[in-house]
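All chains are identified by letter, namely A, B and C, in their written order; residue positions are counted from 1 within each chain.
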Amino acid sequence: MKDTPLSNCERDFLLKAIEEKKRLDGRQTYDYRKIKITFGTDYGCCFVDLGKTRVMAQVSCELVAPKENRPNEGVMFFNIELSPMASPAFEQGRQSELSVKLNRQLERCFRNSKCIDTESLCVVSGEKVWQIRVDVHMLNHDGNLMDAASVAAITALCHFRRPDVGIQGDEVTVYSPEERDPIPLSVYHMPISVSFSFFQQGTYLLVDPCEREERVMDGLLMIAMNKHREICSIQSSGGIMLLKEQVMRCSKIASVKVSEITALISKALENDKKARKEGGKFGFAESMPQERITALKKDETSVEMSDVSEKADEIIQKAEVPHQTVPSPVVPVAGVGQIGEDLQHTWGLDDEDDDEEEEHKEDSDEEQDEKNMDVEHEKEIRGCVVEISDSEEEEVIILQAEKPGKTPIKTGSDSHQKGAAAASRKRPNK
Amino acid sequence: MEVCRSSAVSLREFGCEQSLLSRPDGSASFVQGDTSVLAGVYGPAEVKVSKEIYDRATVEVLIQPKVGLPSVRERSQEQCVRETCEASLLLSLHPRSSLTLVLQVLHDDGSLLSCSLNSACMALMDAGLPMSCLFCGVTCAIDYDGKIITDPSAAQEKGSRALMTFAIDSTERRVLMSSTKGSFSVHELQQCIAVSQKASEKIFQFYRDSISRRYSKNL
Amino acid sequence: MAGLELLSDQGYRLDGRKASELRKVQARMGVFAQADGSAYLEQGNTKALAVVYGPHEIRGSRSRALHDRAVINCQYSMATFSTAERKRRPHGDRKSTEMSLHLKQTFEAAVMTQLFPRSQIDIYVKILQSDGGNYSVCVNAATLAVIDAGIPMRDYVCACTVGFVDETPLADLCYAEESGRVSSLALALLPRGGQIALLQMDARLHQDHLETLIEAAMTACKGVSKVLDEVVRQHLQEASVLTGE
């Protein structure tokens, strides 16, 4: 699927509006869109809405062997999935430039800045450590995926609880959540990324571009900071030329925004913790807004099944009785399978049909004999048991037209190439 | 095996929200108990020449799991959903186009395939694609005592002997697709189908209620 | 690697340099006869080879052609023998793809692509020995190669990696310093106008130190540009002597 291209008049309109300091949704130059954070049912799952951009992050963990050069540290793995749902331009499975860029930026933002204490993830030094995997799925692309992804990732990491581990001598026991309470990860600081977009060769600057603004921008500057005013990562992209003063100004704006967003995240985490402690319902199901006209919820309902059994009996009686035995089953010898066009498939033993098909494909001489054979088959229910084997000692023998009752055809393993007729009847073992 | 006739079988509470994403042409999120699936539909849109069919639309279904990359299990579920959609959509109205349905698993607590089918149907309705009938998914599990449980949770699925999902159409309550796992007798199968047909009534009523609620301001 | 002092009390670094001193730069242009432009650059122990083909007609899909500009296609790869442990995947992994994208971005800003609509310029860079500052060395080598190919640029593109240790910025980091969890900043600069083509920073750095660090990086880049200028003039002189002018 291709994305709809941007027309020239839209482009001119957007650029002209930016020159006059007006944005499509009425924001100011340094304003962020509304951020909404909700959590899922299990620990480590969170949804972030940045305006209309929607992102989901899920944290999971498993025990793996550590890297050779760092035997005492756990492993962090980040993965951003650009789901085709988010935009028609995203294709499944292709590593596009944007995907590589976002993945690398997220990795550098979190991994290099050591926001999680990886040494506490070590279980047995050199043998078993926890691997924390963060999967971020883009659900709706309305601009500024990087910021939404970073907020979602850090919130999910703060929300996640890993299973408790007990070590007795050489044995390692992983306790399930019912046995022992899971432990949260130790997060040192929360890096949040802020994106600035530049227009008209760096003359105009906007914070948090929406999708339309992203299409007409010249370049993007991403600054990741935490609330202690430490810069975790800076990355400029796109073919823009920056001046030092612009970079300094952006970093000042970023520090203000980051402290606001961090406060928001902490509040959301607090609310969720409270809700879980009180035992109330939580999760995505609860966060669905009830007062919207596009949403509806229904409570648990019971299904009547009083006449179900009778109905079932009725249907079965009307149906045909299946054959109890198969007249001439085709049985492969132990260790042999067969598959191919016009051959007898030995995966599912649909023997009856195959037998009949088989017979139709034989030489035309046989056609009269087929009817005889059918009759014969019905008479002898325990007819020839046909065995298929790939033993190469047997040679191929053509059908004998004069002997309808017994059809001594053997097949060697090269019957596969012969295709239709030759398939698979073998004289029963002497 | 006989089924306890007096057992009351129930569906978990379900909820749905439509048009929650701005980019896809139609989107819906369907929640059954704790299982929730988000569906987005794009279409009719341009199709690659290698995939185009001269007289029909090409339906593509993608299921994204929550953790990790899609594997063979997702492929088989995609096949089930795709066949159901192809049976109920009027594809010949949009030749040489593509209809892409993307499903994202938000939380899996049992009955995942039927939740995917339900959210797919609501998303297709939201996108306004012409369909000959609506469809819904119902999952039945048979536990070791022979009891039938509809809409099982993950714990119930684990402790069951057989698990079946049926896609039922809205016009004649017939089975569009069935996907089963485990061992069961013919009688049990027919009973489960009958139960699913009964349960589907509730789901179709829910579809009707949510659509009439949505358009209540317009009509 | 605890205990390695990156900056001693007297102000000397691991390899004996002072804080703002660059490594020795040696470069040669025109190393390949068949390429349109090529250059080999050594900065300390990091060695890079850059080759430029173009501008030529767009290869492959015509749809990528831009009607008013040239398309710049960069590929960055590391030789398998360039690092201490043999590198198993020299190109195609995420880091190399990211580097290629950064190089492309840097040169799109500097090369005057409007002069060559509907064409393509290929820049291939290979790291033969990696001892820190990979990106910067690549950019410097590629600049020389582009000049050797005769493609017009706005200005030299010079890059340098600086780190921050003990309140002092260290210019031109080597591998030991980079891996010691030092906040490092890679900067690609067009020295005459002081314009930054690419800015990349990892690891934690307090906001107040950012200005000093960028200043140090810009000074270092200006130093590099002087060296590159020298190399270009010398190469031209040699070439003119050979052609007998």
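Operating definition for what follows: a contact is a pair of C-beta atoms (placed from the backbone, for glycine too) under 8 Å apart; a residue touches a chain by one contact, two chains touch by 3 or more.
For clarity, every value in this text was computed on a predicted model and none was experimentally measured.
Undergrad: Which chains touch each other through the most C-beta pairs?
TA: A-B
Undergrad: Farthest from chain C in C-alpha centre terms, which chain would that be?
TA: B
Undergrad: With chain centres taken as the means of their Cα atoms, state the distance from chain A to chain B in Å.
TA: Chain centres of chain A and chain B, defined by C-alpha means, are spaced 18 Å apart.
Undergrad: Between chain A and chain C, what is the gap in Å from one C-alpha centre to the other?
TA: 38
Undergrad: If you average the CA atoms of chain B and of chain C, how far apart do the two points sit, in angstrom?
TA: Inter-chain centre distance comes to 54 Å.
Undergrad: Write out the stretch or stretches of chain A touching chain B in their complex.
TA: Chain A residues touching chain B: 1-2, 40-42, 45, 52, 54, 56, 58, 60, 81, 83-88, 92, 133, 135, 137, 139-142, 283-285, 288-289, 292-306, 308-309, 311-313, 315-316.
Undergrad: Provide the residue numbers of chain B that touch chain A in the complex, in ascending order.
TA: 2-3, 5, 7-24, 27, 29, 31, 33-34, 36, 38, 40, 42, 45-46, 62, 64, 66-68, 70, 98, 100, 102, 104, 106-107, 109, 148, 150, 186-188, 190-191, 193-195, 198-199, 202, 206, 209-210, 213-214, 216-217
Undergrad: Under the touch definition given earlier, write down the residues of chain C that touch chain A in their complex.
TA: My answer: residues 94-95, 97-98, 101-102, 105, 108-109, 181, 185, 190, 193-208, 210-211, 214-215, 218.
Undergrad: Under the definition above, what is the set of chain A residues touching chain C in their complex?
TA: Residues 95, 97, 100-101, 103-104, 108, 112-114, 221, 225-226, 228-244, 247-248, 251-252, 255.
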